[in-house]
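You will see chain A twice below: alongside chain B first, and alongside chain C after that.
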Partner chain A sequence: MRIVALRGATTAKGSLRLSLAYLSLALPFALIVISLLLGLYQIPIETVGRALLSLIVPQAAEGISSTELTLILRIRLPRVLSAALIGAALASTGAAFQGIFKNPLVDSNLLGVTSGAGFGAAVALLLGGTALAVQSAAFAFGLLAVMVAYAGSRLYSSAPLIVLTLMGILIGSFFTSLTALTKYVADPLNTLPAITFWLLGGLTGVTWNSLPLLALITLGGSAFLWAVRWRLNILSLGDAEATALGMNPTRLKLVIILCATLMTAAAVAVGGVIGWIGLVIPHAARLLVGADHKALIPTSLALGASFLLVIDTISRALLPAEVPLGILTGLVGVPILIVLLRRSQRVW
Partner chain B sequence: MRRLTCFVLIVLLLAPLSAPASLAQSAPFTIEAAAELQPALTALYKARYGAEPTFVTDDGDLIATNDPAFLPSGRVRVPPHFLPDSFLVMARPSAEAEAFAAFAVSPDGQAALIEGGFLPKSVTVTDQAGNTVEVAQPIRRILTPYSIATYLVYGVGAADRLVGAGYLGTRDPVGAARMSAIDPRFPTLSGYTLNQREINIEQVAQLAPDLIVTSARTAWLDTVRELNIPFVLLEGESPELLKESVRLMGALLGPNARAQAEAWIAYYDDIFTAVVEATKDLTERPSVLFIGTAPLRVISGQMYQTDIIAAAGGRSVSAELGGYWNDVNLEQVALWNPEVIVIAPYGEVTPQTLKESPEWAIIKAVQDGKVYKMPSWVAPWDTPVMDSVLGVIWLAQKLFPGRVNLDCALEAQFFFEVFYNHKLPEAEIAAVCGS
Partner chain C sequence: MLEAENLHYAYTSEQPALRGVSLQLGAGTILYLLGRNGCGKTTLMNCLSGVLKPQRGYVRLCGRDLSSYTPAERARLIGLIPQLHTPAFNYNVREIVLMGRAPHLSLLATPSRTDYEIADAALESVGLADYRARPYTQLSGGERQLVLIARGLAQQCRILLMDEPDAHLDLNNQLRVMERVARLAAEGLSFIVTSHLPNNALMYAHRILLMKRGMALACGDAAEVLSEGLLSAAYELPIEVIWEGERPRAILPRRAV
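And then the complex of A and B:
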């Protein structure tokens, strides 16, 4: 990975890959438009177009039934946008974590953010909280879990990355146990099904209310990861090399971890636990554009957003009953990745 | 003098001991019974008082009969059945006769009749998982980890035989308080960890039940097999299967439970017929969406709720779905565009939740204000329990106000009195079927 990264930044092939990465950014935008046209409720393309136009020119909505208008603007649009944002957040933070921890088998849940968020949501559901309360609790506990893991790792001075990873795993399992405890005490008729469903992940209940926090954090966080993407290359060389190149790796890592955690927590708070994307999309991106983070971060953002858009559209537009996203991501994603792996004979 | 005092003292001390015997000799009540029922009654009477009963041919205090003409008409309690089809009627009520009637339907009474050869020593049933089970009679200690089975035992009037009862509403204080009002023993009975998924096997051994009744989808059957306790499995997700479950409980828990089970089945059929009669001229069935613990969680076609909707004269829009609860999206609901939305009795969702949502405003039922929360008293009326007959009545009234001539509150009052042996508190009768 190290050699590839260095070479990727300097060769002509590298600049080609960079162009490919920027080009891939158009994909999610195209998919957003396509997704808006698809749904169980058949709505003509022209109507969808006019409904979207009515956001700018209110007169364009004339003649569209309130049902169609509501479905396009209040159901499909927030859902499609949140799918894109969540996919982008999970994939890009996954890529960042893999770079920082120099480990291709991790994602941004490494430090327990998802487990913490799951527990927060479960407690809020147990107490009968509103959708907003559940989201806030998930977000807060996601951050808390990572903060505890990070604070715990500071108790040891040697081998900080290993200790941090270990702490993350420990805190993650601790919160998973707490979630199981919450499920154990939950009312089996009432709160238990809600908790189980939330933990499976899904965007069924997304409305505009869910979007502001998610959009703010994902866009801000993505911009930050974009800005530091070349520094990730140096971080992935190791602390000694980074220090020799005049960087403060510890501080930079902390900031990146914080940013990635915020993004993941916001994504999980809205979409529930959607596994797989943060781990595998960065690999798919790497197969396309190589391990150079300059190309990898934009491509991960684009592929993550696109992948979840496709998956969520399948989930909501194919069958009358929604298939949980956690099931579809694996079922659809694994074959795609296996094909990608076969076609690229590159050394990992 | 001292000797006399001593004698008087002894007589005084012995008097209470000899009292029951003298009571029996003077026969606290007379029994009027056909000759063929007399041997069974003698066996019962002997077991209770250790003496022969006084039979009369006319004007008895207690009438024992198998003549259906003596069955009370209308919606009142089923008379105590000591044998299949033979029951006791209080001609002249007295505490002693009432106590004898209670003894006749108790496990002890059943044991006396078994010993006399009037009732079988064991019954063999085929449960709803298809297993043939032989169960020794009488069942004195029954364990119902499946909460639906708990309600069924109450419903057939055999709750005195429960030793442990699974209960879904353990964490619902209102429902639990109502169950405790029906049966003071309920907090103890429901205080164990008992459900389809979890059981403490040592606790079960400690409770030493004669029979376990649970769901066909129970996780721990293999462990319980080790204890050699017979178990019967239920699966009641349709009206026919529910009637079969009730009949099974009747077959297992003695002649009185059987009579009560049959009475409930007759009542259930009556209600179905009444709704069908009232709605048979309608060409269009109102479309109904039944939702659960979340607004977008809907029933499948295989769930009992679909049958309740059909029985009440409606048509479930989500009947095409399979499995258990399904999560759908609002586009699907908009496609169905149901005329009526019914919310399950449990869960946080209320009609207000939907009315306040701008997204749901596109659905016809919400526009027309036809969003209702199904009420429940103890058991949820949408689950395959005997109480679900009230769910049918309530829904029929909501779907066809004025057309279906059934008064939900009145029927509920009757139902709880007859099947749960519980008088609804006067103040709560009006609210039992919701506002």
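And then the complex of A and C:
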């Protein structure tokens, strides 16, 4: 009898965690609406609701001033959506990389994508490129860095993942040096501050133009990570065990790396270098729902999106001057995580 | 059910790890692989589990060449129980056992209610039904081995390869794990077990393959293989076998004075 009761309890706990994971997916949507209300110019929720509705039913916008409509739909909405997409992309790819590299201390920049993207953006800014040129260069160089790391690792036949990691770190620091060189030769009065601010991350200049590619890659990539999320458990045991459990770990890992690299490159291209999220949000998610990637991937997507939404809203609505996101994520996130860690006795 | 013929494998051309090993395994059999460190036991296991492809010779599983199986097909017949390990993440016991369902699920699927039931039944048959929600990393070594056996049961394969299941375990836990293995073998499951404890082979092996430098020194039942001459040759050390009537009872090394 006791055993039966105990089993009921453990099953309830398991499904509770999974329900919590799926429930957390509602959080970013609520935060998107809240973020639209807030800013230097506060807008009542009814106006925001009607403005959003007017995307589908144009008559709903009647009675709203064109200033408010522009502010909500053309300025705040693309920014808020891109914050959610970038946060989700960085956190979920971080969780996936931690799983396939069996290492809770890495994020999707492990193979140099962010460093490559940073260099691409720095060069484009140095040459006085448009916003679109900066984004394209960042995206292209992010992919290029990982491709070079991958090509380099193919020179060795054995242990490709370890060599790939090493190559990624080498290529990453190579591009970091190139970025430093770019900053060194940049004009300290205009291009140097532009490069520095870009490297600290921010969504100030985001318009609808940036969104289609970001949305397409983030949603497509997230869907793929979501689909293979349970397999991440098995990949995290290492190649020998995954093979013995009937998988082809090398192939699946490469597809996941490709997917995560595209997502990270797209996120960095729009938002600049926003550290911390990919490393730490998966840990926060683990504190909530446990190590099982079946629950961890949905929770990381939700918490990543929510966290960056909150941070970006703080940055543009509550502070007198916009502080770059890369600074705020650490300043706000670290205390939160320390509190979470203290509350939890979990060992991982 | 499983036969290997004349297996060769070399990591580098100068040092062959396997030099023509053959073995046969029937249903419900416990086969022990004994030999010194580096004699090729693990390489042989990896060739049998499909992690390595033998460079010469073949492995035949249920009448078919092992290389003609897809990884998932193979994993439905052969499971691997690795040495005691600590995963990078703190999975609970049920999540670990559930991973045994991987070869039965399509790549994009997640475990269904049936898979959870199979995993729970597997845990029950190793006597750990109450451990489902416990963190795997907080279990004792013996309990972890039992959980990994349960994962093999959830995999529903016919052969389990165990890499040193008695390493790092105290005597009580060694016997707890191996008694469970013996009981499962009596139900028809086959085991290939590597070990550095010949006395355990004496107690539990139906057949023993004694290896030396990538070759089979002897293969047969305990009374045939565990002779002083063969063991001394395999371990390159004088070894004494204590007999109890018709059967060997203990294996002891003798100090070279």
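Quick note on the criterion: the second predicted complex is superposed on the first by the 334 of 348 C-alpha atoms of A that agree within 3 Å, B and C clash if a C-alpha of one lies under 4 Å from a C-alpha of the other, contacts with A are read in each partner's own complex, and residues count from 1 in each chain.
The working rule: contacts are C-beta pairs under 8 Å (C-beta built on N, C-alpha and C of every residue); 3 or more make two chains touch, one makes a residue touch a chain.
Computed from a predicted structure; not experimentally measured.
Among chain B and chain C, the chain that touches a larger number of residues in chain A is C. In the superposed pair of complexes, A:Leu71 makes contact with chain B only, with no contact to chain C.
In the superposition on chain A, A:Lys183 makes contact with neither chain B nor chain C. In the superposed model, A:Thr204 lies in contact with chain B only, and not with chain C.
Once chain A of one complex is fitted onto chain A of the other, the partner contacts of A:Ala291 are limited to chain C, with no touch recorded for chain B. On chain A, the positions that touch chain C within their shared complex are 3, 6-7, 10-11, 13-14, 98-99, 102-104, 227-231, 233-234, 236-237, 240-241, 243-248, 252, 286, 290-292, 294, 346-348. Against chain B, the residues of chain A that register as touching in their complex are 39-41, 66-67, 70-71, 74-76, 128, 186-191, 193-194, 197, 202, 204-205, 207, 316-317, 320-322, 324.
Against chain A, the residues of chain B that register as touching in their complex are 168-169, 171-172, 195, 292-294, 296-297, 318, 320-321, 323, 325-332, 334-335, 346-348, 358-359, 361-362, 380.
Residues 46, 49-51, 70-76, 78-80, 82, 87-92, 94-95, 99-100, 102-103, 107-111, 129-130, 132-133, 135, 137-138, 155, 161 of chain C are the ones that touch chain A when the two sit in their complex.
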